[in-house]
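Lettered A, B and C in written order, each chain numbered from 1.
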Amino acid sequence: MNALYRILKYAAILLWSAFVIAPFLWALTTSFKTANGITGGPTYIPWLQYRPSLQGWRDLFHSGGGGIQIAGPYLSSLIVTISASLVSLVLGTLAAYGLSRFTYRAGFVRNADITFFFISQRIMPPVVLAIPFFLMLQFLHLLDTKIGLIIVYIALLMPIAVWVMVDFFNTVPRELDQSAMLDGCSPFETFWRVVLPNSKPGLVVAGLFCLIFGWNDFFFAFTLTFTQTQLLPVAIVSLNSSVTPWWSLSAAALVSVAPLIAVAFVLERYLSRGSLAGTIK
Amino acid sequence: MSLIVTELSRRVDGVAHLDGVSCVLERGRFYVVAGQTLSGKTSLLHALAGLETPDAGKISLDGKDLAEMPVWARSVSLVYQQFINYPHLTVYENIAFPLRRRHLVATEVERMVHEIAATVGLTPLLLRMPGTLSGGQQQRVALARSLVKGSDLLLLDEPLVNLDYKLREQLREEFLNIFAKQSHSILVYATTDPLEALLFDADVLVMHEGRLLQVGAAQHVYAHPATTTVARIFSDPPMNLLSGHLDATGLRLADDVRLPRSGHLGDLPPGPYIFGFRPGDVGLASPGISSEVELAEISGSETFLHLRHETMRFVAHLSGVRTHAPGENVEAFLDGAKLFAFTPDGKLAAAPSRV
Amino acid sequence: MSGDRSKMLFISPGLIVLVAIILFPLLFTIRVSFSDWDVARPGLDWIGATNYLRLAHDARFWESFGRLALMAVGSVLLQYLLGFGLALLVWREVRARRFFRVLFLIPMMTTPVIMAVIWRTMFHESLGPVNDLVRLLGFAPLPWLSQSGLAMTSIIIVEVWQWTPFMFLMLLAGLMSLPREPFLAAAIDGAGPVRTFLRVTFPMMAPISIGAIIIRLIEASKILDSVYVITSGGPGTATETSSYYIFIRGLRDFQVGYAAALSFTYLVIMAISLTIIAKVLARVMLVRDHAA
């Protein structure tokens, strides 16, 4: 009974693992194909079923004729995502500390309501914001620029930082703040010298979440940028026409997604420290 | 120059954490705030530190009202019962932290840190991180950090309660030595254990349900509890309190227990009283009150015998391990000269003289 | 505690940014919804509730809710079941547990649109590996992207692939934070694995389950990326979700005024539905917890 159970358990795990890996393996294989490897039907193993070629990968470095200059969008994505994440992290952490430590009251609005206001921004479907953002950036002449996108992303990523950091700060004992103040620290000094240095795990998780959500956005980049600024997801999707051969497409997709896989390793280490179970409210 | 507390009150969710507390604390003296859990000790300490704002009342130090002063401008230290230190700093930096906030010169900081570390016995541990230290050592670091500031007000909120018995005794002795050298601070130490107050031989403030019940030298409060509540709280184990009657011939406890009138009860008018006696003043000897054993509670090398005589219930504190089965009958001898007498509304009428 | 000035210092920057960047656009959208803003007639005029009356009769809009509900609920349910199953499998006594944890985490980290691009090639009816697998299992190849039911299924499959890791993460964290005592008690009482799960594990996981499901439902209700890439709302309008329809009206046809009305209505409906669902779920889970 026990042996059967164990076999089933590992079988299930392996089955799901296969499902998880499938798209990556398919893209990897496809990226080395040429027309021959595709038109006859799906093929999988290089040399046995098709003749491999590096064309797909070479196409990453020149545009036109089905290729794509991937360095540009990569850089744009990096700049926009990192800048927006940094600002969001700073603003969000400050706000989260305030919400965790102080009582705010404006009429009937209190801490819990303000926190909810921050976090409820995530409920907003991107579509609802797309039009006003478009008009707003158009008015500011910031359409199709990195700065315009960074501003928009800050608004989108800050709630994430607030969400993670409020819960994290709530686990730091208030007695620590009190000791700092008794030792002569103003509230800001308390935050800066005592609470923040002890918040590294929370900051890492919040920062990584911001980076991931920012990097993976498609919709806002799609509606708010066109030719001058192109982020990675938009660039990849614009390849998704019948003109672009599958091998370039697959190579481009893999290259875009690879850094995220690396991030997964880093994030897993921090998440397994149980800092996530408390963030569900 | 002193700290004057006037009518301090604070309510949280309808419950009074502080209820009209007034007292005067003098510099250079050691005060112990004694009371049960939730009696308002922590609230009082936090109010003195400025961490909690009272709903009403005033605190002034040397004539200056402290209400306007933010926490970080005050000269107060607080040692918590949960060992609170800065986890990201070494022991040295922990102790140096308040000094650095005052922008003292590095050489001065170093001198002061080493001096305090020596006083508290932390010199070999200065480069360690608090997380790697034992509970007792962590509490020493917290204490060092409080002492190094030389604050006007040094508060300790049950600092030894999370340590084991032996360590508690040791640290208590060290505390006494350190505190004896303080001449300009006001020391306030909160505890639930009345014995600690007696051991420190300090001035005691007895608190209960947010109210200050009695203030005085520990020994005095112990020998002359102002009310039955104080008698119950400031006594470990709690004093036995039984209602009774005093008349010309003697006193009567319950219905049929009669005792002669002792000298110290001589001046009291006849009438109903509440009589109190310490469990330690009850012995098993004849002739005594015939009582039935309800429970024999053995604690360490002592026994608490829960006895019952008809409607009268009381506890005897005996040394040694005594085995008495429930239901057994014993003779409990009560010395009339050790009785306390309280008026029916709980105020002290007479206390035994100390021999 | 004094320091009122500093407490404002902490929250104002974030609050100001958020109000400026989110609240104003929202209010602006509401205002625009009462106008006739169009490619031909740009600018804010006032046409009263005309847009709202129009959308009340817009069958395509209301049908999109049905499709959205089907897709969102279907995929979230599958994600929950699979995620829970995986969490249970990996929870204890598994070799290389950390490796599997990282592996199962990866899909959630990847860019949804980009993976959707890859999935589109996989669902290709004649050249894609999915139909190859179908043939291997003995069935005829399926028209994944050209038949409405299958199109929706393909999107659900992609969503399940992408977001089950989220459920897996949440539920695994939840499982690992459960106290040991009830399990020991159950073991002593002789409960088998199924019984232990139904009576002990599942009820204790109720709060986290609810939280995870609600979060995923909120995110799933915004589905647009995969629809855009894989089916473009097709075939016809078979996979057109509300977000997608609003996107077409607002940013393709550029009927900004009408799209604003659609957006606001959509937002209100979503807010109300999600709140109701959250309350219902909470009650269902807690009742079951009490019964057990």
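General remarks:
Assume a residue touches a chain if its C-beta (ideal position, glycine included) is under 8 Å from a C-beta of that chain, and two chains touch if they have at least 3 such contacts.
Here the structure is a predicted model, which is why all the values come from computation and not from measurement.
Grouping of the remaining chains in the absence of chain B, by touch, is one piece.
Chains joined by the most contact pairs: A-C. Distance from the chain B centre to the chain C centre is 58 Å, each centre being the mean of its Cα atoms.
Chain geometry summary: the mean Cα position of chain A and that of chain B are 56 Å apart.
Centre-to-centre spacing of chain A and chain C amounts to 16 Å, using the average Cα coordinate of each chain.
The residues of chain B that reach two or more other chains are 51, 70-71, listed in rising order. Shared interface positions of chain C, defined as residues touching 2 or more other chains, are 3.
With touch defined as above, residues shared between interfaces to two or more other chains in chain A number as follows: 186. Chain C contributes residues 3, 6-7, 9-11, 13-15, 17-18, 21-22, 24-26, 28-29, 32, 82, 85-86, 89-90, 94, 98, 100-107, 109-115, 117-122, 126-129, 131-132, 161, 169-170, 173-174, 176-177, 207-208, 211-212, 215, 218-219, 221-222, 224-225, 228-229, 243, 246-247, 250-251, 256, 259-260, 263-264, 266-267, 270-271, 274 to its touches with chain A in the complex.
Only residues 9, 12-13, 16-17, 19-23, 26-27, 30, 38-39, 41-42, 44, 91-92, 94-95, 97-99, 101-102, 104, 114, 117-118, 121-136, 151-152, 154-155, 158-159, 162, 186-188, 191, 212, 215-216, 218-219, 223, 232-233, 236-237, 239-240, 246, 249-250, 253, 256-257, 260-261, 263-265, 267-268, 271-272, 274, 276-277, 280-281 of chain A touch chain C when the two sit together in their complex.
On chain A, the positions that touch chain B within their shared complex are 173, 175-176, 178-186, 189, 194, 197-198. Across the interface of their complex, chain A is touched by residues 49, 51, 70-72, 74, 76-78, 80, 82, 84, 86-88, 97-98, 101-102, 145, 149 of chain B.
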